[in-house]
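Encoded as structure tokens, the structure appears first; notes follow it.
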Amino acid sequence: MTAMLETRGLRAFYGDFQALFGVDIAVAKGETVAIIGANGAGKTSLMRAISGILASEPGMIVYRDEPIGALAAPDVLARGIAMVPEGRRLFPSLSVEENLLIGAYRRNGEGPWTLESVYELFPILRERRNNPATALSGGQQQMVAIGRALMSNPDVLLCDEISLGLAPVVVRDIYAAFPRIRQTGASIVIVEQDIAQALKVATQVYCLMEGRVTLSGHPEALTREQIHQAYFGAPRHEHH
Amino acid sequence: MSIAIPSFKVETRSGTSSLAALAAFAGLALAIAAPLVVSRGVVQDLFFILTTLVLAQNWNLLAGYAGLISVGQQVFVGFGAYAMFGAVILAGLDPIAAILIAGALSALLAIPTAFFTFRLQGPYFAIGTWVVAEVVRLLLAQWKALGGGTGTSLPRDATRDMIGVDLIRDLFGMKAAAASDALTYWIALLLALATIGFIYRLLRSKQGLGLAAVRDNEQAARAVGVDARRMKALVYVATAFVTGVAGALIYVQKARISPDAAFSVTDWTAYVIFIVVIGGIGTIEGPIVGVVLFFLLQKLFADFGSWYLLVLGVIGILVMLFTPRGLWGLFSDRTGIQLFPVRRTLIGGPPAHTPKGGPNG
Amino acid sequence: MSIIDTIVQGVLLGGLYALFAAGLSLVFGIMRLVNLAHGDLIVLAAFLILLLSSALGLNPFFAALIAAPLMFVAGWALQYFVLNRTLGNDVLPPLLVTFGISTVLQNGLLEAFSADSRRVSIGALEGASTGLGPLNVGLMPLITFLSALTVIFGLNQLIYRTALGRAFRATSDDIVTAGLMGIRPQRIFAVATGLAMVVVTIAALYLGTRANFDPTSGPSRLIYAFEAVIIGGLGSLWGTLAGGVILGVAQTLGAAVNPEWQILAGHLAFLAVLVIKPRGLFPRAVD
């Protein structure tokens, strides 16, 4: 499989603080990639860099053979990469339906996702369409955030910590939507702290630690010990 | 667990500032002697420069250090001037004594003013101060004893008989008008030095550190116990006092007042804002540089009427957009020179750790 | 009867103030920017209408129709090329830059048009009045007020019913996430200021036809606009209309007592509201 989206030696900074130290990941078409790692490992930085919120150098992120590392968020979206940001970040002044519609502000051509199909995916949202988005429960808000990203008909969907702070039963409901999303041919990149959940849905797993990839592979091929070591680090590791 | 505390020394002085102190003394001697050696016209120009500098330092303290952006400081100039006129004309006081009373009354006025304007945040505070200035102007324009809307003049003998004028006449053999100009000039000089000294000391004090903390991050400053509101209110009242004194002094020299002139937003606030912004906001040196530049521009372009203000506005916009720290900031960044060092630098301790990496590209 | 007459005059005057204020309110709501040159931009538009109607002999209403797109472009460019650079956490740069623009506009207009008072002539409409129940009201004040209602209704429709309005609100809520939706905040801000300048042109039409104006008339219009916005409460356009009406009524009541007290009475009403309800009468925004 050839990669549709790749990072090549991706470095990213918040001012003087370096968050990523040469990260290489590859996402093939239709694949579901999980990024795992402890707090502060650089998972969210990776997502922010790909989505264009965090600047990097052009060739560090390549999408369909085009260097996109230096593009701003709206230009990244225009190429078909949509993001469900950490903490959902719904627009409080907008109703549920308006939040979904704003996702289609710059549609990526014709595609499978419309208000109608998002409401089919998450029927509860249809009932609450006229409520202010922030009046919903955490799980429902997460559904709005996913639906909002889908409304742009993305080829790559980035999901940052979508299960954070939600009850297990709610997380299950949300992940139940993933097969439908995959059916449309979209690639999915999820950032998860819940390793079990990540291993269940992913076809490829990357583990990050301190801004570097410490492990990658198919979920079935990875052992508990390998993951544990990649996640928490080897007993001896240098401080710089 | 024990932590070794390296020996630090906190310094705000720098080498260049001692050298500058010497130069300052020489300059001061010259400034004091000025009325004895230069013409009356030059003394009046210097008076204008000094009083404008006082207004600029005050606005800079408000906006650059306390984060209170006021476009209504003309209220204290005008009110101070009117208070002085009232004390002289209605109460028969000596103008010099009236100047101090004007300052005190301006500080008093700042209390009800703050009561209204402190309810507004940021940009709204700015326009709020302007509204208050308009209200005070309209109210004073109703005061018929002081000429109402058309204004009035100080009695001729009031400025001639001021405390000290006779003494100056006798000592230096000046005419009454020149002696009165010399007197107001020396007061302006004293006021300018006292203002700069006060601000310098304030910024180097614990309160000054609190002020800087409030400006940089009000929430964080509050969290470490800085009472932001109180600090701002104190600065606001203090600048009202000094601005009121300056206003009264300016109008002792002008000797003629009207509400429109005394509360002019252009003369007492717009000019001052451009001076501070162009010179360098948030530094003591900036307003000094700005005033000198402003004066030179005014002399050069005096015949061009409103073109002058237009150019000033354009320069102000360009400076704000491209070198927001002003001309002094630009100079200071290049040379590292500070005449009034208020930034604290740590001396001693372990060698400074220079962060590696940093964004390349 | 005369007190009711005075109040009606005040309400109609409030329409003019609401027109002054609507653009200011719109821009603040979307990008938290207070434009100190707002009043001077109204005066600039009034001169533009004056120029178009006198030089080309156009009807002022038609002249405003031509001036509006020109002002839209001017506002768009002003925001995109200048004001966008000043936006951020620090309130100082936008204030000082717009204050500079105010100075530049005033003195530029002084050079171009001198300090003389001007007025845009509207012929027979000028003194025309109409019966409104038992009252006799001026036709132009009535048209002004109806225009204010229309403008505010229209802006509300735009903000709450269109894709552009959704983008306005989303950008106002969260500029980073708006970028993830493909919204370019810089352009959204430019469009918002352009739109505000269209409203400014409408306000200028009535400023210029109803009263004398000169290059230094801007700052007091800014102050009225600001007072209307604060009285009404930030972020609510209908609140802004109510604020304008309260200001107008206070002014006409003050003037009825003593003509010199007109402006003062308006300011005092504003200060009173500030004390009683610091967040305005109909606050919506969470600032």
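When the chains are written out, they are named A, B and C in that same order, and each has its own residue count from 1.
In the analysis below, a contact is a pair of C-beta atoms (placed from the backbone, for glycine too) under 8 Å apart; a residue touches a chain by one contact, two chains touch by 3 or more.
Nothing here was measured: the structure is a model prediction, and the numbers come from that model.
Asks: Give me the ID of the chain with the smallest distance between its Cα centroid and the all-protein Cα centroid.
Replies: Answer for the innermost chain: C.
Asks: Among the chains here, which has the CA centroid at the largest distance from chain A's centroid?
Replies: The most distant chain relative to chain A turns out to be B.
Asks: Can you pull out the chain pair that has more C-beta pairs in contact than any other?
Replies: B-C
Asks: From the C-alpha centre of chain B to that of chain C, how far is it in Å?
Replies: 33
Asks: Taking the mean of the C-alpha atoms as each chain's centre, how many Å separate chain A from chain C?
Replies: From the centre of chain A to the centre of chain C is 44 Å.
Asks: I'd like the Å distance between the centres of chain A and chain B, where a centre is the mean of that chain's Cα atoms.
Replies: The answer is 54 Å.
Asks: Give every residue of chain B touching chain C within the complex, in rising order.
Replies: 63, 69, 71, 115-116, 119-124, 126-128, 130-132, 134-135, 138-139, 141-142, 149, 265-266, 270, 273-274, 277, 281, 305-307, 309-310, 312-314, 316-317, 320-321, 324
Asks: Looking at the complex, which residues from chain C come into contact with chain B?
Replies: Contacts found on chain C: 33-34, 36, 82, 85-86, 91-97, 99-104, 106-108, 110-111, 219-220, 222-223, 226-227, 230, 260, 263-264, 267-268, 270-271, 274-275, 278, 287.
Asks: List the residues on chain A that touch chain C in their complex, please.
Replies: Where chain A meets chain C, its residues are 51-53, 72-74, 77-78, 82-83, 85, 89, 91-94, 98, 101-103, 105-106, 148, 152.
Asks: Considering the complex alone, what residue numbers of chain C touch chain A?
Replies: Interface residues on chain C, with respect to chain A: 163, 166-167, 169-170, 172-174, 176-184.
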